[in-house]
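Pasting the structures here.
One chain, subunit A, appears in both complexes that follow, with subunit B as partner in the first and subunit C in the second.
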Partner chain A sequence: MIGEKPRGLRAHLPVIYPALMLGIFFVVPFGTMVAVSFFHRQPGAFYLPGFELGNYRALYTALFGRVLVFSLFLAGLSAAVCVSLGFPFTYFITRMQRRAQVVWLVILLSVLSLSEVIIGFARSLLLSRTAGLSNLLVWLGLMDQPASWSPGFMALLLGICYLAFPYTVLVLYPPLSRLDPARPEAALTLGASPLRTFFTVVVGSLRNAIVAAFVMVFVFTLGAYLLPQLLGRPQHWTLSVLITDQAIYQSNMPLSAAMAIFFMAVSLLLVALTMYAGQEKRAAGP
Partner chain B sequence: MNKALRYIFLGVVLAIMSGPLVVVCGVSLNAKKRLFFPPEGLSLRWYVELLTQSEWLIPVKNSLTIATSSSCIALSIALPLAYFLWRYRVFYARALFTLGISPFILPPVITALGFLSFWVTTGLYGKMIATMISHAIFFVTLPLVTIALGFESIDPAIVEAAETMGADSRTVFRTVIFPMVRPYMISGYAFAFVLSLNEYIVAYMVAGFTVETLPIKIFNALRYGYTPVMASVTVVFVLLAALIFGLIGRFGDLPKLLGALNPENN
Partner chain C sequence: MKIRVFIFGVAIVTGLALLGPGVTAVTAAEPLRVGAYGGYFKDSFDKHIFPDFTKETGIAIESVAEPTGEAWLVQLEQAAKAGQAPADVSMMAQGPMLRGQRGQLWIPLDLAKIPNHKNLLAQFVHKYPDGKADGIGAVAWYITLVSNTNVFKEPPQSWGDMWQPDKKDKLGLLALASNSFLLEITAKTFFGGTDFLDTQKSILTVLQKLAEVKPNVKLWYRDEGQFQQALQSGEIPMGQYYHDVAGLAAADGHPVRSTFPKEGGVLDSGCWAVSKASKKVDEAHIFINYMCRPDIQAKLSRKVGTAPTVKRELTGLTPEEFAGVSSDIPPIIPRYDLYTGDLADWINQKWTEMITK
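Our next item is the complex of A and B:
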């Protein structure tokens, strides 16, 4: 029964409802957004149907370019931090007893499910003057008086890494837990040091998984919307903030739709390039 | 030496992950309306306020209603799709599956803007039903992936045995397939539920000014003056998430749900 071809309407019955739901509520909204990006802006209302390229032309400004570059830079940097910390972390977890693994996974999932609002709030508290980490340092005698470390670029980077770290681990978990334990053991038996085994055998055989994880985390952090507002200064606002601002506060849906589509195109292009580079490397490697 | 380093590394990560939560927990216990850490005086009054003030009760109710119903809708989309994909391996089922995964892979602001333009066009902008359906589509990935995993774990020989013994396909589904997939359905529902409770940008874009969910309420409260109630909400949220995932970990196969040791990929 499994794997045969569906025949007649009856066999197709189960798939009709999901297809309709996804079609109406995902494909159509997406199409609407593409259409709106060509519409004319109507002050006071949302938009007037039409076709013009003015919204895309309006993207060509210094502000948009600066914000785009900053968003990509921030996402790239935090993805690099998360993957380089998350990879050894995930490796250690996958080598634990099953029961310990479950405990760690529950902690990671709980942190992962936290809203950006909550993370931003918790981070800004931790870096604040009245309730923050600096009080602990004062109490330990390492600092003279409590200081405020938020908002700022470091606070923002910390917050985004905090947001993305559990996600990174969960992306790396499947390939790492499927890694045959015999491989690193063989390297150890042959006399390689644990550190060398880790870098040559574990990292080496999972290079593609690392590239894929970097891409996933990169796209994930591009979506950060609240943290830049809570932990950063206005010059640290990302494209997600700009798009929402145009859509909600400036009521300029056509422009924000054009921004969103351009944003998506750029991120998909970067993802494709990274994937391509990863494959090239594998083809060239041993 | 190596082992000690490993434990130090794990410990540091754990400390960094739990640091903010410890501070929030402490702040939520302040006796006065100040955000101090360590707290000055101990009291549970901010938890009481969360459960008695309508200012907070309405967002709590909104969030719970939206999370419960949107994960139901997500499940209702995911189950037949995953079943169809498992039973008939045809390309359009694969295409639909990819479609169901894409809301989760795109940057959320793009999906959110798509929903916004759609609901504005259909005139349902600002209604709770818009938030429910948007969340259902946004999170359909989670039950879809877990249930598909559940179907994969069924041994085809069992289905064949049931058919040989004369069961028709409805009976096979009801007595053999469904009970085996049920734990995966529950996990998928729980994942979607917890994430919907915590989701901000889609809920904000679709109906942020009329249907206030808890994350929206917390953000508004952050902008217009701090109160320790925010900290107590956070604590409740973390505990709820930990409880739900803990239950899945206790009664389900969490490593497998998250992709460990899938025999066909070995």
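Our next item is the complex of A and C:
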């Protein structure tokens, strides 16, 4: 059986269930969205079935462009922060004793049990003037008076990175723990400094894992919808916020569907480019 | 990730809309089904209003929890196409009310069967363009200027106070044109009234004036809880909010006050409307007539905290009770036509451009 192509209904049976689920919960809704994005919007009412490109043409505005660029920038920056912190962090975890590793992973996983709403509200409290961390700094004599740090760009970035960090570590953990300790040791023995060893040997041999983690966090934070509203100012609202406004508050399903599909296409393109660039480098490398 | 959630949401809404007719199986001796906003409103009505109505008229009521916003309208429309009504009478916000009107979803009401409509303030009889009534005011509530009493010792006088330089980074305002009614507030405060919003050019003028308040706004909120917490702690010590909820917070001992500015509070409301697929039209009229009785409206004000839809002198509310839910200052009535008409998308676009810039 192994290596043979499955033949007949019985051999295909195990695949039918996932295929069916994928069809019902992904292909059909996605198809609906693609169809709706070409429908005719009736101002003051809902929409009528049809085929027109008007919804996509309506995306050609400075507002949409600005928010699109900002959403991509925010996701890219969050991914960069998460990976550049998460990679050394995970590396040190994997060098620890097994027991300590488990403790760290459990702590990280417990962060995932918090909902985005709770994280958002907790952050806005922590960064507030009336009850936040700055009061502690005033008490310690490091600041003259309490300050408000939320809403703002840094608050938003902090919130998103907090949410994405555990995922980053979880993606990086398996490849890092498989890294043969002999390799960095060899570099050290040959006289490389620990810092140099880390950047040339550890980072160098795990470039693929780093690109994968970056792409994962990038895609994950692209959909940020709640935190930009809780921790950001209006100029920090992402495309997901505008899509929701159109769908829920303006009943403009065709436009929101068109926005979502365009957004997805641009993101997929960027992800593909990143992967391609990662492969190029590997091919060019030693 | 969230896009997938969004797609899933669309699928669920569509699914519900298609399932709608199937869910409501028709049986013989059926009660009158009344839709009320799920949560606080429905619970209050179940407790204070519906049992007394049944005792008095013998008409049984089954209350249906309806979602706020557009979802319920979608379900009613889809069901009506199949000749079904998930609820006979529904409580509808003004936006969905107008959208439903365009699809002729509401049965024209026979005002002769609702003699109590004479008690209502004029704005609470909602009409088709040809003058036939299609909705009767159910509940009304005010959006007012609220402030933290620890930060602002003196109550504000005018909506115009929001523009003062000492309010820098101190305001919380609702995030959308269609739920903040800030265009109306600005037009009334600086341009003589909401009629000023009749042309695109003057809407842009109002938006420009509104843009001047942006440096003072710390939070543009969609979620009430977000602002209320910040208001109570003094983090964001001023803004627009719901008069009744601010009253509840003050009653709980929080340093919060709600002020009717001299230009008036914004009076928003929900209507009773009857689906054209309803087979209980007579009972629906009796119910709506009952809800227009001054003593019932007074009961709603006392128990639920809504503003009466009938004339003040009929309600028998004491001055304190009345001040708790309403004001004698003429209200700012939102221009709902702007958010459902041909200009709706344009206004939304300009609004978003203004606040996100």
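Throughout what follows, the second predicted complex is superposed on the first by the 263 of 286 C-alpha atoms of A that agree within 3 Å, B and C clash if a C-alpha of one lies under 4 Å from a C-alpha of the other, contacts with A are read in each partner's own complex, and residues count from 1 in each chain.
The rule is simple: a residue touches a chain if its C-beta (ideal position, glycine included) is under 8 Å from a C-beta of that chain, and two chains touch if they have at least 3 such contacts.
Remember, predicted model here, so these are calculated numbers, not experimental data.
Undergrad: Subunit B versus subunit C on the shared subunit A, clash or fit?
TA: Partners clash after overlay.
Undergrad: Determine, under the contact definition given at the top, whether A:Tyr162 touches first (subunit B), second (subunit C), both, or neither.
TA: first
Undergrad: Could you tell me if A:Phe73 is touching subunit B, subunit C, both of them or neither one (first, second, both, neither)?
TA: So A:Phe73 meets neither subunit B nor subunit C here.
Undergrad: Could you look at A:Tyr276 and tell me whether it touches subunit B, subunit C, both or neither (first, second, both, neither)?
TA: Neither partner.
Undergrad: Touch check for A:Met264: first (subunit B), second (subunit C), both, or neither?
TA: It touches subunit B and subunit C both.
Undergrad: Mind working out whether A:Thr94 is in touch with subunit B, subunit C, both or neither, as first, second, both or neither?
TA: Touch status of A:Thr94: first partner only.
Undergrad: Which of the two partners, first being subunit B and second being subunit C, lies in contact with A:Phe199: first, second, both, or neither?
TA: neither
Undergrad: May I ask you to decide whether A:Pro29 touches subunit B, subunit C, both, or neither, giving the answer as first, second, both or neither?
TA: It touches subunit B and subunit C both.
Undergrad: Considering only the touch criterion stated at the top, classify A:Phe153 as touching first (subunit B), second (subunit C), both, or neither.
TA: The answer is neither, since A:Phe153 touches no partner chain.
Undergrad: Would you sort A:Ser251 into first (subunit B), second (subunit C), both or neither based on which partner it touches?
TA: second
Undergrad: Looking at subunit A, does subunit C or subunit B touch more of its residues?
TA: Between subunit B and subunit C, the winner on subunit A residue contacts is B.
Undergrad: Looking at the overlay, which bit of subunit B runs into subunit C, 2-10, 218-226, 236-244 or 254-262?
TA: 218-226
Undergrad: Once the two structures are superposed, pull the subunit A residues common to the subunit B and subunit C interfaces.
TA: Common interface on subunit A, subunit B vs subunit C: 25-26, 28-30, 32-33, 36, 46, 121, 128, 130-131, 219, 222-223, 225, 230, 240, 243-244, 247-248, 253, 257, 260, 263-264.
Undergrad: So in the complex, which bits of subunit A are touching subunit B?
TA: Contacts found on subunit A: 1-6, 11, 14-15, 17-19, 21-22, 25-30, 32-33, 35-36, 46, 85, 88-89, 92, 94, 98, 101-103, 105-107, 109-111, 113-123, 125-126, 128, 130-133, 135, 162, 165-166, 170, 173-174, 177-178, 180, 194, 216, 219, 222-223, 225-226, 230, 239-240, 243-244, 247-248, 253, 256-257, 260-261, 263-264, 267.
Undergrad: In the complex formed with subunit A, which residues of subunit C make contact?
TA: Residues 1-8, 10-11, 14, 69-70, 74, 77, 98-99, 102-103, 169, 175-176, 178-179, 218-223, 226, 229-230, 233-235, 340-342, 344-345, 348-349, 352-353, 355-357.
Undergrad: State the interface residues of subunit B toward subunit A in the complex, per the touch definition above.
TA: Those in contact with subunit A are residues 2, 6, 9-10, 13-14, 16-17, 19-21, 23-24, 26-27, 34-37, 73, 76-78, 80-81, 83-84, 86-90, 92-93, 96, 99-100, 102-103, 105-118, 120-121, 133-134, 136-137, 140, 156, 159-160, 163, 169, 172, 194-195, 197-201, 204-205, 208, 215, 218-219, 222, 230-231, 233-234, 237-238, 241-242, 245-246, 249, 254-255, 258-262, 265-266.
Undergrad: Which positions of subunit A touch subunit C when the two form their complex?
TA: 25-26, 28-30, 32-33, 36, 41, 43-46, 61-63, 66-67, 121, 124, 128-131, 148, 151, 219-220, 222-225, 229-230, 233-235, 237, 240, 242-245, 247-253, 255, 257, 260, 263-264
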